[in-house]
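By written order: A, B, C, D, E, F, G and H. Residues from 1 in each chain.
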């Protein structure tokens, strides 16, 4: 079976989904089921002290069945990111985490200086770190050399749905990496996810494209099939592009010959 | 169920596959099975008089189970095309046919003048005509007005694997058409097929991309999933593209607030 | 000198500009001057009977200095187009004309059936016909065989500013044609015009991109330089694209060797 | 006049050209003249001890007329880059320099960690530093905050001629920067240069696209006009793209109304 | 008294005029226009000899800005 | 003894045969082919009654792989 | 009577409580949260032995939907 | 008799020379080069007063074509 191995864990699906931006927890749970994902990103936030009875994500998405991948969304310094992930680790013994240290509010583009700093510390503390990063092949190699378990270059800006404008960078990163390469951010439609997989990526992370679709559940299923199609396409080896036409029916045997 | 209706026929799959360019009939049959297609294009050619024992396509792909769609590949005049399709009709009572009248050997681009001429006659003779055509919205409407049952605009040159450079034309054609719009020619990889379906097309025809892949059977499966993903994506309504980032995790509740 | 020859006429500039959509005739005249164009398209319309004193285009743009190219904009049948061009011919002895027969109001895409019909008649009446057409290589060859003096395939829809999505078609048309190939419609910005010329086109026709710019006069100059740059680039033969990096500075002689 | 100001210097041309990869110094000089550039990059290398009579770049390109911009091409550590630029400074009192610290031989992609380290030191030593960098908006802002005088994000890999796949990043960098933004690397043809300028960049650096053209001198002229066209286009404000057609000739006054 | 349709509108003329007179009546410069009488172009050298009759349809056109 | 052109090649037949016989001679399964006689399709129910004559041009076609 | 800052807000407690009691007071399921005391994570096995003092800053967090 | 490493190659000098002399020996125009002595730049005004010793590493560089 063509499983997806990252760090010490193995997953069935190569589609990782985010759990944000949904109408409610039920829709979140239904979308996850439809997507077939067994790894989902989650954020760490304060519990509601004043109303401790309000439902939690865990009540709808069982962490024993679906692996939670705690992220550091919203962190702009390595310190904040470390603090969040140490809490995440404690809260469920999570070791596999997604590090993201953002550069600014407007672009949510990663701050690679801070990201590399935080990655170094997390690895030393025994975390299995998956890293949201720019599509900079050199930075990706530096992260791999630090011992992270996966690099997650952005296709385009988080939540922009702009796809993967710079495919050559993703290809270079994939070719040079021994660890999984996961396109994170920018996937806006099924074909974007297929393209990421056709480039050879090991997995794709999708959130907005599913949660913000008119019909999130159906889109979740679309993404599931897209990732499978893209993976199969990559493994089967596409035909070469040619600049002129090539007939699909033989000339030989034509009655008007 | 989201079936694919063309003319008087209904098909389960929105992926139509060609049967040319395979190593042998067995590979052809296996690829069709993997693709899930229940409509396949076939060419009409002279039987081998000197060796009537050599196997035929029909011995591997049962026309009772998989609908044959006779094409006029290799015809450069309306006369040739008519002659081929009248024979096809007789040979199996086929009524549903694929008309293509080519403009030249180098590009295999359709000759729309001859195509329209032939379409008119075929419709008058009671054929259900699916037409390989250019991505010219006006010519497509003229064909629809003539009574053809489907227009099949090329994505790019036959066998080129160049995908669908001009998406706006395909979208315009789809928006204006009451009959099915099928992207024919140019599909080179899974994402091309997904894009065709995301544009709203009713089906996709693929031959070279499957037959010329390193692993045709796996690519056939990739295309099956690609067409399903693209269709689901179209039906679910993709998110809007935006020019800046949009966080997938809420700011509210951050401990560093 | 690298002049632009079409039919029996020779022009200095490879930029043809339209005269529509300007604020007033003065702006039109200034834009033409800035563009360096010596061939401009004009429409034929009824004179204002009730106020014959209102200024005319001719009062601002001297047809003796700038060649008028009468078009058939707004014609949806070959009859209408013929009628317009016969009037145009009379009104100034114009022989060189631009034929366009449109398919519908929404897309202004050419109706190639009617276009070919009208072209045949105009050629027989001794017109030098430049033809707005689809980017269909076969239809372009049919027009050339009919004796038109230039084919003018659309880059994208008239006034859309969407550029040239299907570059392969334009290249094929250029390669096969002995008459000038001019990209008409769709040019939205300077780089679009450069790309058209880089593809080998003999000239470019621009109207909306200039008239609808915030500063039409400066954009006219931009287009002038764009067409020159694109032509020089085509003639000088661009470098090959390569998939990896290639240093511009030699390794030899490095002090850290 | 729309001059190009970088650091304390003002240049007439917004086209910066490299001086590498030419057949000989004469061709280099002729290309510079044709390009109109008054700022050219140069590398620092050992003099030939064994044959001190061999001609030097300075004998063909007068540094008093054309400003030399010493680069650190081929440096893979900040130390090497510093060493080179300190020598460059001494050799001609050059203060305005181009820093590039590369990540690996295969991609020549910048090592942003080392680049930022070196930039900090160079600024403190009073250099005016122009920096070859990735198209990472956050890294570019960090460089600007360090006091460099220009950021030079790559369009694509050095010498690849792949153009500017990720235009959104370049736009974001331009919008946020108070210092000049110059697209360096990847320009393969005139339209690439125009696109860079249309995105609002202050200048473009071109080497391979000129030196590797079949006719470098003509291509140099093409690039000159391309940069001018792109700049004018940017300043004049392009029309909006629209999804349907918009007639350039008025409907009013049509004789067939 | 005759009626013609001129550029889509009914116009009354005191009597039958030739094209040349017709243009003068509406003070139109012959050099800047072309004239169509009942869907047939009238060449400039026929302006004197060509008369409009009752019910005739006349089009007088010129060049305007167009793309 | 007659000569016909069959799928582009001259074939000699001892006598005039009907299509049904012709297919048998070349051991071709009628259900898998279509037959054209002098550019006109012969429907299956006419195979017995349709005879080929000297100089006739016959095409026997089937379906093969095509895109 | 002590005051602590809990999830950004001042809370008054009758006396010093350990984390375990603190969670009970706010009826929070210990298995679904993590606790930070003065910026240091408190491991679950220390909930009984770890007491909050006056002026302490406590964060109690859980997982929510995020991309 | 001293040995120095000049631009990566061993060179023998009859005696200790200053940079100015060194350049003359190899007939190099001082205005077109920069000199590094043991990884430190030697400013032009120090060419007379700066002497190379045995084992010294000297680099003499100039500008060449580069992108």
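We adopt the following convention: a contact is a pair of C-beta atoms (placed from the backbone, for glycine too) under 8 Å apart; a residue touches a chain by one contact, two chains touch by 3 or more.
What you see is a predicted model, and the numbers here were worked out from it, not measured in a lab.
**Q** Please identify each chain that touches subunit F as well as subunit G.
**A** The common neighbours are A, B.
**Q** Decide which interface, A-G or B-G, involves more C-beta pairs in contact, and give its chain pair.
**A** When A-G is set beside B-G, the one with more contacts is A-G.
**Q** Can you spot which option in A-G, D-E or B-G is basically C-E again, with over half of the contact pairs the same by residue number?
**A** Comparing each option in A-G, D-E or B-G with C-E, the repeat is A-G.
**Q** Please indicate which chain is farthest from subunit C, where distance is taken between mean Cα coordinates of the chains.
**A** Looking at centroid distances, G is the chain farthest away.
**Q** Based only on mean CA positions, could you tell me how far subunit D sits from subunit H in angstrom?
**A** Comparing mean C-alpha positions, subunit H is 33 Å from subunit D.
**Q** List the centre-to-centre spacing of subunit A and subunit E in whole Å, with centres computed as mean CA coordinates.
**A** Going by mean C-alpha positions, subunit A sits 73 Å from subunit E.
**Q** For subunit C and subunit F, let me know how many angstrom lie between their CA-based centres, rounded off.
**A** 56
**Q** When the C-alpha atoms of subunit F and subunit H are each averaged to a single point, how far apart are the two points in Å?
**A** Measuring from centre to centre gives 95 Å for this pair.
**Q** For subunit H, what residues touch not just one other chain but two or more?
**A** 7-8, 36, 59, 61, 64-67 - these are the residues of subunit H that touch more than one other chain.
**Q** Two or more other chains in contact with one residue: find those residues in subunit A.
**A** Residue numbers touching two or more other chains: 18, 20-21, 41, 43-46, 71, 73, 83, 87, 107, 109, 157-160, 162, 168, 207-208, 211, 243, 247-250, 253, 255.
**Q** Inside the complex, what are the residues of subunit G that reach subunit A?
**A** 6-9, 11, 26-28, 32-36, 39, 41-44, 59-67
**Q** For the complex, which residues does subunit A have touching subunit D?
**A** 103-104, 107, 109-113, 116, 134, 136-139, 141-142, 156-157, 160, 162, 165-168, 172
**Q** So in the complex, the part of subunit A that touches subunit G is made up of which residues?
**A** Residue list for subunit A touching subunit G: 18-22, 25, 28, 41-47, 49, 52-53, 56-58, 63, 68, 70-71, 73, 83, 86-92, 158-159, 205, 207-208, 211.
**Q** Help me check something: in the complex, which residues belonging to subunit D touch subunit E?
**A** Interface residues on the subunit D side: 247-250, 253, 255, 257.
**Q** For subunit C, which residues count as touching subunit D in their complex?
**A** 18, 20-21, 41, 43-46, 71, 73-75, 80, 83-84, 87, 106-109, 157-162, 188-191, 194-195, 198, 207-209, 211-219, 221-226, 228-233, 235-256
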